[in-house]
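After this come two complexes, each holding subunit A, first together with subunit B and then together with subunit C.
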Partner chain A sequence: MPTELLVAGGFYTFAVLAILGSIALILSRVIFRSALSLTLVLASVAGAYVVLGADFLAVVQILVYVGAIMVLIIFGIMLTPQQVVLETARDPGKAVAGVAVAAAVFVVTTGVLLGSTWPRSNPTPVDMPTTAILGEGLLTTFGLPFELASILLLLAMIGAIVIAREE
Partner chain B sequence: MPTALPPLYPITLQHGLVLGAALFSLGMIGALTKRNAIEILMSIEVMLNGVMVTFISFARHAQGPALGGQIFAIFIMTVAAAEAAVGLAIVIAVYRLRRSVAVDTVNSLQG
Partner chain C sequence: MTGLGCPADLPICNPFQYLHQLVAAILGAILPEPILTILVTALSIGMVTTLVAIIVMSQVWAERRVVGFMQGRLGPNRVGPAGLLQSVADAVKLLAKEIIIPYQADRGPFLLAPLLVLVPSLIVWSVIPWGPGLSVTDLNVGVLFVLAMGAFPTIGILTAGWSSGNKYAVLGGMRAAAQLISYEIPMVLIVMVPVIIAGSMSLGGIVQAQSVAWFVFFLPVGPIALLLFLIAGIAEVNRSPFDLPEAESEIVAGFHTEYSGMAFALFFLAEYANTFAVSAMATVLFFGGWTGPVLPPFLWFFIKAYVVFLALVWVRATLPRMRYDQLMRVAWKVALPVALLTVGATAAEVSLRAMAA
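== the complex of A and B ==
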């Protein structure tokens, strides 16, 4: 089926880009290059959302992450100068320990995920617009969390202003 | 024990889950080994993205009438936006106080 082939090609392309971007983010010593790698990761993940059938979320990912959060992070880098290059680890032992912990998390998680059987394991059709379904869900079933999310955003906005304000 | 690996094609649930786990672990490496607070925040964004990939894979796998997995991903995105705003405000406040964004220089609560 050509659609399946397209989904597989798109998924592997975006997955490889996202993982390479994450590795570049870890290895980069210049923080601005880390920020650019993060942009690559976020945009690739948005592409993966498209092939996984989340078209609305992919656009939201571009708007919120690649647009807003990246601008915020780059402003943060700009407002904290003279720290452009900062050596990665305090001492190599701690870095090795961090990598070991993360590798252990990956091995155990992947083992469990691949070892379990998930019922209904056939991929569903992906060419389906999700915006209407999501909007209806947010205003009916998930109405209370939706309202709480708006309060959370308001509080975060006020908190950020209060914390970062010049005295 | 993991039995046989799933085939590379077509894309099933497991592929998305492994991508999510890989992004989560790579973000965790960054969050555990970086010293710059802004780089740690960026690594946490990568971890959150791994979690969202997992939720969206499950939403595709078990496509209920309400797409609950994708709605959860929207809420993760909301919390991530709030976290980035407050986190960067804290980094800037710490920088103003300490002239440094290295997390191991902020140790006045360490006793």
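== the complex of A and C ==
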């Protein structure tokens, strides 16, 4: 019972942190601070993974999202100093359009979320290392999607090299 | 669980269990079980953090002394016997100094940055085993966890560089980011070599798999993997000859140009904690961790880790700083292909040996 309490407490702590981070992310006018908030969100999601027993996923989340993607985003921000602070939109028409689009997205997303049934997974936690199961799954049951994703990434990489090459 | 030559009832051989018993004996009657566990965990973390701080002080002293001798001078030798208390004096001095926040700086991120760098460096120490069962926790993804925590400080360095409002700091931050991203890839690949040989990602499991033979002697891939690991490790902790993010002859002090007092000391502390983490990881992954005859396991671990650390000091005293394009060329055109080949060769060798056995 106390363990369940700890798990629930941990999960909701990270959930609240992620939500607070998201709010800070959209409210900040300094892009760099938004990027830091995004880091908090991604790290909190990793924390939630830990609490839910998906340790491999959590570590990879940190390694890929915080270690690589966030660094690239911040790198990009630092290379564009003139856009570091966002200007307030003075045009009321733009504000109205923005609110309308945001409201539409909100309504549709909420509708989908409320309309979906959320199947509860088998709550027995996996006792053995999740890496072994993940590895087996990737190379047997999900072999084709795994290879397709690899080819997609390879294509993206070649594309990036071709675009970045000056000729 | 204890190793050779270290009786289980000696507190120093089994500090975490001893701590648990101690806390349970004193507070067990008052506090319920989950709070007790949290308290013991917090105390264990405090213990390891204190240990890291002591290690860092010893390292700073050792590095200054050793580099001094290598360059034909004495190094610090005034404060305490053989200058041993120099680091303590420096720490006190830094604590007493003012933390200056530049007018142009972005206050919040500026003060957050040293913590973003230091905290992951300390978290790494929660999984490094310095004896059988002697880590705060033994994760079954321990190796990846260390790598993930090694990637975290990049954000802190970038934050420091950006929020200082100083172009040299920005340049240093950019250099650090480019360097860390480049060397992260060979690092992750090369760490897979011991993982493949041991068949486990838990650091404790990797050490146990080396009770027969150290992985550095797993020929022919072992020595290559160790060399690449040390190169990538030096690059990741920004040590000479890869210390371009803080190259004083070009960009003042790089990302920590504007930091003073304890805020600067935190960067310094993190750098040395990371350096020792690289030494400790090399020990765990390639030199059999705490295994060894006669002496207690934790002593073996520290002896090996300090030997690796001294090798890093030697490198620092010997090699000049690299140029930026050289650094990048080594990462992408040498380290990455060699790492890929080594991982492939390891996988082939392991499966061949399994077939032969």
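FYI, the second predicted complex is superposed on the first by the 123 of 167 C-alpha atoms of A that agree within 3 Å, B and C clash if a C-alpha of one lies under 4 Å from a C-alpha of the other, contacts with A are read in each partner's own complex, and residues count from 1 in each chain.
Criterion: a residue touches a chain if its C-beta (ideal position, glycine included) is under 8 Å from a C-beta of that chain, and two chains touch if they have at least 3 such contacts.
Owing to the predicted nature of the structure, the values given are computational and were not obtained by experimental measurement.
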| item | value |
| --- | --- |
| Subunit B versus subunit C as contact partner of A:T141, first or second or both or neither | first |
| Which superposed partner A:L40 touches (first subunit B, second subunit C, both, neither) | neither |
| First (subunit B), second (subunit C), both or neither touched by A:L6 | second |
| Touching partner for A:V30 - first (subunit B), second (subunit C), both, neither | second |
| Subunit B versus subunit C as contact partner of A:T131, first or second or both or neither | second |
| Partner chain(s) touched by A:V71 [first = subunit B, second = subunit C, both, neither] | second |
| First (subunit B), second (subunit C), both or neither touched by A:L20 | neither |
| Partner chain(s) touched by A:V60 [first = subunit B, second = subunit C, both, neither] | both |
| Subunit B or subunit C, by number of subunit A residues touched | B |
| Subunit B and subunit C contact sites that coincide on subunit A, given as residue numbers | 5, 56, 60, 68, 72, 75, 77, 79, 130 |
| Subunit B partner contacts - residues on subunit A that touch it in the complex | 4-5, 7-8, 11, 15, 18-19, 22-23, 25-26, 31, 34-35, 38, 41-42, 45, 48-49, 51-54, 56-57, 60-61, 64-65, 68-69, 72-73, 75-77, 79-80, 83, 86-90, 94-95, 97-99, 101-103, 105-106, 109-111, 113-115, 118, 120-124, 126, 130, 133-134, 136-138, 141-142, 145, 149, 152-153, 155-157, 159-161, 163-164, 166 |
| Of subunit A, residues touching subunit C in the complex | 2-3, 5-6, 30, 32-33, 36, 39, 55-56, 59-60, 62-63, 66-68, 70-72, 74-75, 77-79, 129-131 |
| Partner subunit A, residues of subunit C touching it in the complex | 32-34, 106, 108-109, 112, 139-141, 144-145, 147-149, 151-152, 154-155, 158-159, 161-163, 170, 173-174, 177-178, 180-181, 184, 188, 201-202 |
| Subunit B to subunit A touching residues, read off their complex | 1-3, 5-6, 8-19, 21-30, 32-36, 38-39, 41-43, 45-46, 49, 52-53, 56-57, 59-63, 65-68, 70-71, 73-75, 77-86, 88-93, 95-96, 100-102, 104 |
